[in-house]
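Two complexes come next, and they have one chain in common, subunit A, joined by subunit B in the first and subunit C in the second.
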Partner chain A sequence: MGYVAVKGGTHAIEESIRRLKYERTKKKSILHVKNIEAGMRGLIDQTMSESSLFSEKLASIAIKQAEGNPEEAVFLLRAYRSTLPRKHYSNKVVSEDMRVERRISASFKDIPGGQILGATTDYTHRLLDFNLATETDEDLLSWVSDFEKEETTDSDDTDLTKLTKVIDYLRNEGLVQECERNDQEPDDVTRKSLEFPSSRSERLQILSRGQTGAVTSLAYAVIRGYGSLHPTVGELRVGDLPIYINNPIDPTDDDDSYFIGEIKVTEAEMLMPVTVEKEHGKKEIEFEIGYGVCYGQNETKAISMGILDNCLENKNPDYPSHNEEFVLFHIDSVESTGFISHLKMPHYVTFQSKLDSVRKTKKKHSELNQEKQEVRV
Partner chain B sequence: MMTTATAYNFAFFDEGSKREIRRATLKAISIPGYQVPFASREMPIARGWGTGGLQLTLSLVGKNDTMKVIDQGADESVNAVNIKKLIENTTGIGKTDETSEATIIQSRHRIPEVPLTKGQILVLQVPLPEPLRAFEASELETKKLHAEKEYSGAWLMLFEQIMKYGNMATDADHPVMVENRYVMAPSPIPRFDNPKMNHSDALILLGAGREKKVYAVPPYTRVVSLAFQDHPFEPESFEGESCKVCGANSVFMDELVEEESGETYYQCNDTSYCIERLNQAQEEGAL
Partner chain C sequence: MKRKTRTRILINGSSNLSEQLATQITDRYEVQMIEEPNNGLVMVKMEENAKKSLFYLGEVFVTECKVQINGQLGIGILKGDKPELSYYLAVIDAAYQAELDEVKGWIPLLLAEEENIAVERKEFDNKVLQTKVNFENMDVE
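After this line comes the complex of A and B, so read on.
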């Protein structure tokens, strides 16, 4: 029986992999990568964000290979990412430079530049659209061309690349706690493992690449009661950020930089009211900020990250969500799914060892009981 | 588009990544038993499935190496096969089942029965590298405990087991003291294998991928299993039992049940050792 379980592994694995491929192909219809790129924006954005790899193309291939399972797609991209040499570091990216597609504030109605809804599911009715089952190329193309025609005639003077930040308004009023500018070189969690106490740059990186569901759940726990925060969305932005690198031959020359592309990100600046003690014990209420940013349009995640960022800035032993080891060690998709799934591996040796230990304690107990009985006799 | 074969460097990683892992390994060898943090790349196999060991192996492997991979004692176990395949595909080096032929042996939860020799490297896969985690959840705190050599918690844990069960109730991964300095998790090898770490001729490296730690037992290091004078360390006992296949005793054995008769019998857990003995017996018989 024993050898049956362990022998023939090579053949069994090969057959299992063939069967997996059959599951992907058995309906005899190809899902083209270009179709994934065209129609799975949400899944692509989530996958890119959790993988920390910005490439819609690679994400689409990963999604195809993973048959749409995000944990598997993220795993594929992360594994690929770790083989890529670090050729350049980009210049600092400032989110004021974002070409905004969507920008809202839940704190102020009338923000300079206005609330820009952009594309959002927030106000859709979640009614299944059965027409999609029979949508044709013609339907789609005619709708798109109509839409694009309308867009070009619709003119608006707002410069979407120069929107001021909502936070700046509060900062100018002195309502946001002053903080010093921190231009420290950020730590890189993919090049140096996390040690505690962690730096803010490490925390932000781990939150930003965290599993969407895990980050959301923990942030939800915080605002529901297992935390001490009452946040408001100061500003939520979605848009493209330009990335520049300095001339590799003379990296010190900041004026000689190259545009290498854009990344789509979601950014959330959360406001949390806190009581601060001023001179002579006078108490005032001010706002603290929690910052969230991630690849793609992942608004729930960015907001959740903003909440958790602030939690970890204000450690509180009463709540695990304010404990950096608890939060940072457990939200990574590749790590958590990997360790949970390792339970499927054989544990014959460890279990044998445990059996030995259990039997030993049983034996000791029965010996002791016998001794007791003998004493009574 | 690149093909899978050309998309990756020799031994999967880029050279910079390999160097980084080797630097951590050198530090680990210099401080026996101390857990050295390293960046730990994401691998094409899942966290918890041997990524720590695999990173060590891939960072060390050269074109002239011969590797052996075992999982819970078996060369043919599915995960061992899978890891072997990945190393083979990305390096093209030779593989063997025979312990004595291998230059690098990657293992999950066993030290082979054939004694390791000088020049060999044993790479153990580690799920939970922190021996103090059972009573201290915080990494920051356990780091301090190690720095201060404050191990009363580890002793108390064993003492409590004696109070509760009458003896130490550890199973695999029984903690060891390395060179009288660091308490170390030997990885979930059975207690039976703990003594093999002491004064080993081979270099033993331990890699925890998910927990991002590398540590080492250099050759000829003193490794002592934690125990009390009146409650000595006890390996698993297979007293009176011998392998049904090759007749070996005093090895670690799997406990199996005969499907038809329902009887319990035992078999060597180290499959290559068992087969080697069988072959030997056959040869001798043939002569």
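After this line comes the complex of A and C, so read on.
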């Protein structure tokens, strides 16, 4: 059978795209971008994190265009990002500078500065609130106004911009190994394709922009036994990090740098107990740290990243979760959904080629069988 | 006032202040546009706390503008799509670089705005601190 090249489908494609717009608009009600920005914090944070681009406004437009489908929204943002010039690199950001809105530890009850719950769904009953179906602007404005006017009763002088890190507390006790500061410039996976073995900076960058579901599933698999870790949340914090860039003309003076704004992130420092051999073969338990951080408030992802970070620091051929190629090549939203999705695209020629081979093989077999039968007769 | 503090006050504070300061300059001096407000990215370099190494967290969408006053360059750059504010910031930056007389009168305004920001933030933080857990030991029999 010969192959025939075909073309066409232009009209069908155009109509398909119009139909897609119809699906978004057929209920004849506009979903304003400002409404997405106001009420879809979780989805915006996830979209910004997976697209590795911080902009609530752009994420909201992408969510609107994608009709709330995060994989499509991330794809749109990554595509748009690739059209923009990278103008600057920020000065080094450290999470000690975070203006904290939430900070807890699952390892220690009494931490300097205290356990600050902030805004969390952790202690809600998860009962569907049917009142939201009929919530009005007046209801909302009245609640917000009352909340903002409320006088705070106790005076607590905790400075939320200077909270001590729980890990430092352990380092001071000698329970976590001290390490030298390493100011080597990071690698950038958006500029150079990943090769193995990967660098730590590449691993952290990929994990931080990984798809929330994929990162979470792999971390869950680790805890269920497809990995060799027993993690506890040492510290989880959510808050705003100030971003500065150097004066491009004279980058030597830190006081001469430009403040460009603050970005909200979630950071998780996971503690993993390990047995280490000390002098004279004496064995002691110490803690290793797994580090997780991502844009917005996305705690499950940051914790999962912390778990996977530690897995990839401790390679183990017994578990795929400790294999950097297995983890890093499969958690990116655009790469994984893009590849799976491309299976829908026409594969007529490749499939016909496979079909040809099968038919030829079958024909050969049947001819051989026929010859054998003739010989027997 | 150093640029680091000044830009932090202007961006965290009310945009009215930036407009007010920039207008003082644009009313009296010729401001040459070097680069119209335009969008771009800033890559965030972060230090992690496990090995104290650096990595790239991701990019931030920014607006940047460049102007010149008396031959001195001013840059205005901030997170988000804010062309007007980036222009005001660039004008203010150029005014500082050119050491214009008007700048001397800005210190009290900037310090007052810094105070406003501090008050607002303290109110916000007080609300956050309402969520701090107060553990109480339970009776043990």
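Keep this in mind: the second predicted complex is superposed on the first by the 348 of 377 C-alpha atoms of A that agree within 3 Å, B and C clash if a C-alpha of one lies under 4 Å from a C-alpha of the other, contacts with A are read in each partner's own complex, and residues count from 1 in each chain.
Basically, a contact is a pair of C-beta atoms (placed from the backbone, for glycine too) under 8 Å apart; a residue touches a chain by one contact, two chains touch by 3 or more.
Keep in mind that what you see is a predicted model, and the values were worked out from it rather than measured.
With subunit A as the common reference, the superposed partners subunit B and subunit C fit together side by side. One of subunit B and subunit C touches more residues of subunit A, and that partner is C. Once chain A of one complex is fitted onto chain A of the other, the partner contacts of A:109 are limited to subunit C, with no touch recorded for subunit B. Applying the stated contact rule after C-alpha superposition, one finds that A:337 touches subunit B and leaves subunit C untouched. One geometric descriptor of the composite model is the angle centred on subunit A: between the Cα centres of subunit B and subunit C it reads 110 degrees, in steps of 10. Of the two partner chains, subunit C is the only one touched by A:205; subunit B is not. Once chain A of one complex is fitted onto chain A of the other, the partner contacts of A:78 are limited to subunit B, with no touch recorded for subunit C.
Of the two partner chains placed by the overlay, neither subunit B nor subunit C lies in contact with A:169.
In the superposition on chain A, contact is made by A:194 with subunit B only, not with subunit C. Contacts of A:346 after superposition: subunit B is touched, whereas subunit C is not reached.
Of the two partner chains placed around the shared chain by superposition, subunit B and subunit C are both touched by A:86. Closest CA pair between subunit B and subunit C after superposition: 9 Å apart.
Residue overlap on subunit A between the subunit B contacts of one complex and the subunit C contacts of the other covers 81, 84-86, 190.
By the touch criterion stated above, subunit A contacts subunit B in their complex at residues 1-3, 6-10, 12-13, 75, 78-86, 189-197, 325, 329, 334-335, 337-342, 345-350, 352-357, 360-361, 364-365, 368.
Across the interface of their complex, subunit A is touched by residues 2-5, 7-8, 11-12, 39-62, 64, 73, 75, 77-81, 121, 123, 125-133, 135 of subunit C. Those residues of subunit A whose C-beta lies close enough to touch subunit C in the complex are 48-49, 52-55, 57-58, 81, 84-95, 99-102, 109-110, 114-119, 147, 150, 152-154, 156, 158, 160, 165, 167, 179-186, 188, 190, 200-202, 204-205, 208-209, 242-245, 247-249, 254-263, 265, 269, 288-291, 293, 295, 309-310.
Contact residues on subunit B toward subunit A in their complex (touch as defined above): 7-9, 12-17, 20, 37-44, 46-49, 51, 71-74, 76-82, 85, 108-110, 127, 137-140, 143, 165-167, 169-173, 188-192, 210, 212-213, 234, 236-237, 252-259, 267, 269, 271.
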